[in-house]
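In the two complexes that follow, subunit A is the common piece, with subunit B as its partner first and subunit C second.
After this line comes the complex of A and B, so read on.
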C-alpha cells in the first residue's frame, strides 16, 4: 500500500491514529528525542536529522523491574512479576539504520529463551520510518554495513520526503492497519510520486558516506587481529564512560540487581538496567580477576562483537552505521577508523596469496 | 510464570553441610522445590540461585541428575550473595532458576576410562559426572579422581570421596605438608604427573582455579592426552544465563548457553578471555 501525505497534515494523521499512543522526535533543550505527541498538532513536522538516542528504549527500557519481592506475614518470600502490558504505541520518524537496529534486538531477545519483557513491549509497538534523502550525520556509514538510507528492515511503514509531501509505504500488516486508520488523511499515490521517490532513493544511495573498507573481509581480519597491539593503542584515550554503548541502536547488554526498599521485612525489586562492556565491572569476577582487564580488551569486545562475533553467529554485522558512537565519544574514538586500522594491519600481515 | 526466564522458583533449604571452614568457606546446600519437582538437569549444568534483596549467583548443580527430589549446590563464600547464603539456616526459602548451559557428553564416554582432576571449589561442577559414573559403574572403564586443596581442612566432600574408594581410585593432595596428612603433598598437577594415568581410551575432566587448569592441561598433554580427550568448564561472570545480558562471551559463544563445558579442542579455538 502506498499513499501520499501532505506535510501539513502530519498532525491530522496522528489524530486519526486514535488507537495508538504516538511518539515522534521533538527538539528539547537542543536534543532530539522521541516524545509523545498529541493529535492535531498542526505544527508537527519531522525535522530531525536523527534522535540522540535510538528508539530501542521503547522495547528495552534503560531500567525495568522484573518483579517485586516482599515477605508474607509468616516470613516467606513472595514474588510479583511485572511483565508489562503496554497499550499500542507507534514511533514516527525512525531512520532506517535504527529500524535495522531493531531487527538485531528482536533477534537477541527472541532467540533461545525469548525475553518475556522485551516481547511484551515489542508486541504492541509499531515503527514508522523516515528515509534519509541525505545522510543526517557526517558520521553515517549505513551502506557499507548492509543498510540503506531507504532501508525498510524493522519498520512497519516507510515515509519518503518529497519536499511538500511524503510518500507513505506500508511494509507489514501492522503498517497496513496504521494506514487504514489514517486513510481519511492520506491520498492516492500516482506514478509521478513513485518516480520522484525512486529518484530520491537513487540520489540518497549516491551520497558519499564514510566507509568500512572491504566489509566482507572484516570478520576474518578482526579474528586474525585479535592479538593486535592496535586495540590498546586506539583505546588509550578512552575514559570508559560507556556512551558509545548507551546510544547504540543494537547494544543490548544489561545488569540485574536487587534494589532494596527495606531489609526487615525484606521488600524490594529485581531490576534490569543497561550495562556496558566498556565498564571494568562488567566481566570482573568477585575474586578481582578480570578476563577483560584493560581498555584495549574492552574496545576489542565492543568492536568485535559487532563486526565479528555477531557476524559469525548471524551472517550480518551488528552495527547499523548510525554513527552515534562516533559523534558522542568525548575523546574521539571512531569505530570506522578502529575497524579499518585493525583490519588493514591484519590484511598486511596475511600472506599475499590468501 | 510460563515463559518468564527471569522469574525464579522458590526452593527450601533442607540441609546445610559445612565442607570447608575459614575465609573461603564452602557449604553444601540441599534445596527442594516447594512446588513440584522443579526442573531436571544434566551433568555440568548450572542454576541461578537468589536471595531476595541480595541478588543472584550462578552456581553449578553439584548433585547427580539421577537423584530426584532435591538438588545440591556447594557455595564458596565470595561476595554479597554467596555470603548471604552462608548466613542461611535450614528451612530458609531461596530463589532458583535454570538449568543453564550445556553438559558433559557423558553418554559418549561409555566404555572409557575417566580421569577427574579437581582443585579447590572445582570438585562441585564435576561431582555429578563422578556420581553418575559410579552409579552406572559398569558403563565405564577405570575411574580415577585427583583432587587437592590448600590444606587438609580445604578438602571438600571428604567423606563422599572416601566412599568412592573401591569404585574409583582416589588421589588426594594438599599444597603444603601438615601433620597427619598421609597422601600426596604438592599441587594437583604434580600429583597427576606422579600417578601418570594412561591416555589410552581415556577422557580427562578437569575443573578448578584457572592457574591449576593451565598446568593440568600442560601435564595431560605431556602424558599423551589429545585436546579432544580433555574437558573443562569456564566460569565467566553471568547475569541472565540465557545469552542476552552479553557479559559471559568467549568470542561468538555465550558461555551460559554454549558452555560452561568445553573440550580443550574447542576451547583453545576461542579467545582466551576467561
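After this line comes the complex of A and C, so read on.
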C-alpha cells in the first residue's frame, strides 16, 4: 500500500491514530528525543537529523522491573511478577539504520530465547520510518554494513520525503492497519510520486558516506587481528565511559540486580538495567580476575562483537552504521577507522596465496 | 599565538634527548576537525601534534591513566612523562600533585598559554554564522581574538568570545602557572580586560549567576534539576573524563575493584551499595551530588564533564557552585599552587565553623 501525505497534515495523521500513543522526535533541552505528541499539532514536522538515542529503549528500556518481592504477614517469601502490558504505541521518524537495529534486538530477545519483557513491549509497538534523502550525519556508513538510506528492515511503514509531501509505504500488516486508520488524511499515490521517490532513492544511494573497506572480508580479518597491538594503541585516548554502547541502536548487554528497599520486613524488586562492555566491572570475576583488564581489550570486544562475533552467529553485522558512537565519543574514537586499521593490518600480514 | 611547529619541535627534542619517556598531546582525528588526545613515544610522531581551538580535552586525565598503568607494571618511572597543559590542565595537574597522586619530578609540563582566547564549544557553532554547519567543517584555528573555521568551500572568521566554551570565558588563569617550559605569551590581566570580549570574559561564575537569577527559588531549582537528572543515562562519561575521579573504587560501581583472591564471600555480600544501578531520579541525584561534593575544592573547572555529557546535563553549574563556596568561604582556589595544602585536608584556626577547631 502506498499513499501520499501532505506535509502540513502530519498532525492530522497523528490525530487519526487515536488507538495508538504516538511518539516523534522533538527538540528539548537541545536534544532530539522521541516524545509523545498530541494529535492535531500543526507544527509537527520530522525535521530531525537523527535522535541522540535510538528507539531501542521503547522495547528494551534502560530499567525493567522483573518482579517485586516481599514477605507475607506469616513470614513467607512472595514474588509478584511484573510483565509490562503497554498500550499500543507508534514511533514516527525512525531512520532506516535504527530500523535495522531493531531487527537485531528482535533476533537477540526474540528468536533464540524469547524474553517475555521485551516481547510484551515489542508486541504493541509499531515503527514508522523516515528515509534519508541525504546522510543525517557526516559519520553515517549504513551502506557499508548491509543497510540503505531507504532501508525497510524493522519498520512497519516507510515515509519518503518528497519536499512538500511524503510517499507513505506500508511494509507489514501493522503498517497497513496504521495507514487504514489514517486513510482520511492520506491520498492516492500516482506514478509521478513513485518515480520521484525512486529518484530520491538513487540520489541517496549515490551520496558519499564514510567507508568500511572490503566489508565482506572484515569478520575474517578481525579474527586474524585478535592479538594485534593496534587495539591498545587505538584505545589509548579512551576514557572508558559507556556512551558508545548506551547510544548504540544494537547494544543489548544488561545487568540484573536486586534493589532491596527494606531488609526487615524484606521487600524490593529485581531489576534489569543496561550494562556496558566498556565498564571495568562488566567482566570482573568473583575471584578478582578480569579477563578484559584494559581499554584495548574492551575496545576489541565492542568492535569485534559488532563486526565479527555477531556476524559469525547471525550472518549480518551488528553495527548499522548510524555513526552515533563516533559523533558522541568524547575523545574521537572512530569505529570506522578502528575496523579499517585492524583489518588492513591483518590483510597485510596474511600470506598472498590465502 | 603559539606556532604548532614550535610545539612539535619542543616535543621532538624532549623525546630525542630522552628527557621524557612520552608526550601527552593532541593530534588530528579521523572524524573531522576535532583534535583528539594522543600519547606519543617516538620523536617522529611529534609531527602529528596539533594546537588549535578544538584541543578541549583535559590531558591531566592521561597522567592518571599513566599512573594506573605503571601501577600494573609495578615499576617506578625512570623518566618523567611530558604533557601539554593549558591553564586548566595545569591546575588539574597541581591538584594531583597536592594530593600526592603524581609527583612533580614525574612530569614535564609543556605549558600552553591560551593567551587572549580559549577553546571552541561545538554546541555554540550551529547558527553562529550564515551557512555554517559544524558537520561540514574541516579545520578550526586561532587568529588573535578570533577563530577561523574552514569547510571545504568556505571560511568564517568569528569573534572567539561568541563561540568559546563558557568555562574559557570565565577562566581567570588561561596561562599555566606551573610548567617546565612555556609556549605562548603570559597575558597580563589589564591586556585581557582591555580586549573587546564579552563582559563574561572577566566575570567569574557568570553562568552560575545567570542560573541562580533564573531559578531563584528552591522549587524552581528542584524542577530544573529534576528535569536534568531524569535525562541521565548513567554512562558515567562525566566521571570517566574527570582527572580528579581517580578512586580505585567508586560508590556507583556494582562491585568492588579491590576484590582480591583473599576477599571472602561474606565481605563481598556485605558490601554496601549506596547507589543502585537504575537510572532513576533518586539514584541519579545521589550519583551527581555525591560526585559534586567529592570535587569540592578539587574541581578546577575544565568543564569536561559537561562537554562530554551525551544528554547535556549542565554539570558545570554544580561544580562551579562548589568552587565559589570554597573561594568565598575559605579564599581557596583549586589548582593554584602545589605548596598550599588542599582545602579538605587542612584547617585554619580562623575557620568559620566551631566543630573543626
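Note that in this section the second predicted complex is superposed on the first by the 354 of 354 C-alpha atoms of A that agree within 3 Å, B and C clash if a C-alpha of one lies under 4 Å from a C-alpha of the other, contacts with A are read in each partner's own complex, and residues count from 1 in each chain.
To be clear about the criterion, contacts are C-beta pairs under 8 Å (C-beta built on N, C-alpha and C of every residue); 3 or more make two chains touch, one makes a residue touch a chain.
What you see is a predicted model; the values in this text were computed from it and never measured.
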Which of subunit B and subunit C A:103 touches, first, second, both or neither: neither
Touching partner for A:257 - first (subunit B), second (subunit C), both, neither: both
Touching partner for A:286 - first (subunit B), second (subunit C), both, neither: both
First, second, both or neither for A:326, with subunit B first and subunit C second: second
Touched partner set for A:112, first subunit B, second subunit C, both or neither: first
First (subunit B), second (subunit C), both or neither touched by A:45: neither
Subunit B versus subunit C as contact partner of A:246, first or second or both or neither: second
Overlap of subunit C and subunit B interfaces on subunit A (superposed complexes): 255, 257, 275, 284, 286-287
Interfacial residue positions of subunit C with respect to subunit A in the complex: 29-32, 34-39, 57, 61-62, 123, 135-136, 227-228, 231, 233-237, 239-241, 253-255, 257, 259-261, 263, 268, 276-280, 304, 307-308, 310-312
Contact set on subunit B toward subunit A in their complex: 1, 3-8, 10, 50, 52-56, 78-79, 82, 93, 95, 210, 235-237, 239-240, 242-247, 249, 251-252, 257, 271, 273-274
Touching residues (chain side subunit A, partner subunit C) in the complex: 29-31, 52-53, 62-63, 137-139, 236-237, 239-243, 246-247, 255, 257, 259, 271, 273-276, 279-281, 284, 286-288, 326-334, 336-337
Complex interface listing, subunit A residues touching subunit B: 66-67, 69, 76-77, 79, 81, 83, 108-109, 111-117, 226, 252-258, 260, 263, 266-268, 270, 272, 275, 277, 282-287, 289, 291-292, 297, 301, 304-305, 308-310, 312-313
